[in-house]
Amino acid sequence: MAQFVQSTRGFGMLWKRDFMNLLTSPVMLLTNTLFPLLLILILGYLTRGQYGDTVTSYDYYGITLLVFHALNVSMTASNSFMERKLRASNMRVLYSPIRTSWVYLSKILATFVFTTLCMGMLAVLLVVLFGVYFGGKDAVYVFVALALFHLFSAAFGVWFCCLWKSEELANKILNVVNNVLALMGGLFFSWDSLGRTAETLSYFSPVKWVVDGLFRIVYDGSLWSFIPLVSGLLIGTALLLLGCKWTFRTEEMV
Amino acid sequence: MTPMLEMNHVSKLYGEHHALKDLSFQVHEGEILCFLGPNGAGKSTAIHILSTVLSYNEGRISFRGTRVEEQLSHYKRKLGIVPQDLAIYEDVTAEGNVTFFASLYGLRGDMLRERVAEALQFVGLYDRRGDKPRTFSGGMKRRLNMACAIAHRPEILIMDEPTVGIDPHSRNHILESIRELRDQGSTILYTTHYMEEVEEISTRILIIDQGEVIASGTKEELKELLGDEKWIEVELEDASELSEERLFRVDGVKQVEKHDNLLRIATVKGIENTDKLMAFFVNHGIKVKHFTSLAASLEAVFLQLTGRKLRD
Amino acid sequence: MNAFGCLMRLNMQRMASRKAYLLVTYVMIVLAIAGAVLLANYGGMKVKLAVVGALDRLSGLERFQVESVNDAPPVSSLVRQKYDGIITVQVDGAFEVLTIKGEKLEAEIREVLAGGTIPDEPQRGIGTTMMGFLLMILLLQGVMFLTLFGEDRESGTLRRTALSPAGLKAYLGAQCLVAFLMLYVPTVVIICAARLGFGLELGYSLPAIAMLLIVPVLLAVGFALFVMAACRSSDNAVMTGGALTVLTCLLSGTVYAVTNEQTWWKYITQWLPQTQWMSVVGKLEQGLAISQWIGPLSYVLAWVAAFMIAGWAVCARRYRAGHY
């Protein structure tokens, strides 16, 4: 029992360190706050002529680009995990008596908390600046689903690092994969209008499922998509954690 | 007496390559066991295996008589590692770094603060505890790297080439600290390819080459291996004209090895033949660039055992 | 082999060992071409309508992509852009239009369904669309192909090479040339395979495509050099380059045509090289005379030169200041 408590404390310390590493990195802060805000501002402004007053371009991009931000959380996670400067220190953590799995779990959790807080801040700014509609009383479901997508994405980024054994390679691939998934998920423009094949293909992108589910909650007031969406994200996260367990080898950190 | 740490017939394979071949040794309480070997000898592999981050293919590792795998958490708690690469956070203060790593070993509250201060004092960085390592010199970073490993007072400290690439002042400081730790009763496993360091601090030495232990013992015991031989190294301007056989005519010469313009000559200890050897080269019109006597040193032991120099 | 040749060979070998980079890049290029073909085959961004009720009561349906449904789809299907509008037809032929895409589109739908006409909006050709998609991918991947430069800087091998008789110029020149070849040659090969193997019509002749592609690849390499030089770590460069590429490609209408009435916005975005590049490829595909596109083409080439010179200058300055 005493060992468990001590080990848990160790996890707390590790998590705090990982969280602080993210918080004190200017690039991570900008990528998770200013970049999505700027993207929403630009795309919202550019396309406002294509929307009416009931649903504005800011309403559309406010949600789709928060999903895009959530998707890119994977890159934040991989950065916090195996970034060159942190690698040796992470290695040293492995010498300590805490569980090996806690090294990557801590990164996932720290990324999740950090990016979810950033999302919360972004959401407040979007409501205040552009009056983005997040579903009124159903907004809580939207943010729970988005937060779980952050968790899924963080787990995805860390698993990708375990798989490729290098943050740099993982990030470079994720950079491209995320943009493709975002395009296919219709985050920037109506991908489905490229035809039936494109529409079918788009369902391979988890982004499509998330964004469809969110719009159903916000605009139809329908919560039937909430449970499958949340369950899907949780199951996906669990599978990715298993993936991390199978692919994370301490000797590859040596 | 049960050894503190024991590696028993451990082998590690990378594909077809044997990084460690049937490696066995014991570490006893209170000693400074030095791993001596050239780069790539398998020292770091052995260290990584002992620190449990690297798996091994065959053999057994025990801590106080029990398999390490059966007491992993307990074993890790007793271990302090000073890795070869600097494993510190550049943007966290020296104190923050030591506090963080020490807390992973279960220290907290007043005890944590005391031990952190003690570790920083020990490595001579207490006055700079509020500064971030990015403002430190290479030697100071190495010392902080060491402080992070000793704050939890490990029973056994494993140091992997902790003095690589640092200034003499910091190097002396680290070596002095190691002697102090030994005096306090710590057990230390130290790897290096600097034989001067080994001569200075070791209580026992393990010479490793190509993943195998080729000799072990105290420095005196190892030097005994040289028997009645002493080695002389001669660098010539042009050795192409030299006939090695003729060198055997010089008194006491037992063995000659020629590598391009470099000669290594084993001669019988006690026969003073330096003048005769010099005269030999002069008489044969061969210009001598350097003439070094490798008196009973670990370098000479390594040379005798492997036919190569430590830093070849 | 001279120093430049040695550097070229070394960098080629290093890049060739990174199969994951290469695979992702070339798969993306294939996807870009496939995407452009798909878009052209499905008539571009045709307005999509869901019609509840009898279709035969309406005229002008061929102007739209129509799907007949039994029940009115939820509002979210409009927001998700599954449909641009939902038409509910009554028994007497009267109809209601529900859209979130503004009054202009609603008026146009009403006009057409009531038997009127609206002028056709010019559609992008398949070649222009393909060139737009490719530009974005090349810009994204260019930074990836120059990460060797970032790595060398961090590991100190850049300084070692720069100190050798090869010098910094040859080092950077070899990096850029390898990135250029690794992007250009496979892209042309893939396009040739699509054209000759699958007989796809791609808007331009093969020699024209081969000539045209030199420009976006040069732009990608120049941009990558500049971003790599400006950012202190290669990680930051990849992230910054990716963010800038996505933002500017969206603003300039590289991925899809931006229709915005604001003239001041157009004034700002026309300065982007991507906007001018889209103008070049659009005009070329329409078969317009050289005088029509030589201006924007020169403008894009000026950007390439500016990126190269600025990238080189930053590198040289930082190198001299001892940062590398």
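A few notes on this one:
Order as written gives the chain letters A, B and C; numbering starts at 1 within each chain.
Operating definition for what follows: contacts are C-beta pairs under 8 Å (C-beta built on N, C-alpha and C of every residue); 3 or more make two chains touch, one makes a residue touch a chain.
Keep in mind it's a predicted model, so treat the numbers as computed, not measured.
If you draw each protein chain as a dot and join the dots that touch, you get a simple line with two loose ends. Distance from chain B peaks, on a Cα-centroid basis, for C.
Central chain assignment: A. Criterion: smallest distance from chain C-alpha mean to the mean of all protein C-alpha atoms.
Centre to centre, using the average C-alpha position, chain A and chain B are separated by 46 Å.
Our note on geometry: chain A versus chain C, Cα centroid distance of 25 Å, whole angstroms.
Chain B and chain C have CA centres that are 56 Å apart.
Taken residue by residue, chain A touches two or more other chains at no position, since every residue touches fewer.
Counting partner chains per residue, chain C shows two or more touched chains at no residue at all.
Those residues of chain A that touch chain C in the shared complex are 27, 31, 35, 38-39, 42-43, 45-47, 49-52, 54-55, 59-60, 75, 79, 83-84, 164, 167-169, 171-173, 175-177, 179-180, 183, 186, 188-190, 192-198, 211-212, 215-216, 218-220, 222.
Within the complex formed with chain A, the chain C residues making contact are 18, 20-21, 24-25, 28, 31, 35, 38-39, 41-42, 44-46, 48, 65, 74-76, 78-82, 99-106, 140-141, 144, 147, 154, 233-236, 238-240, 242-243, 246-247, 250-251, 255-256, 258-261, 265. Within the complex formed with chain A, the residues of chain B that make contact are 48, 51-55, 72-74, 76-77, 79, 81, 83, 85-92, 100-101, 103-106, 108, 148. By the touch rule above, chain A contacts chain B in their complex via residues 3, 6-7, 9-10, 13-14, 17, 20-21, 24, 85-86, 88-89, 91-98, 250-251, 253-254.
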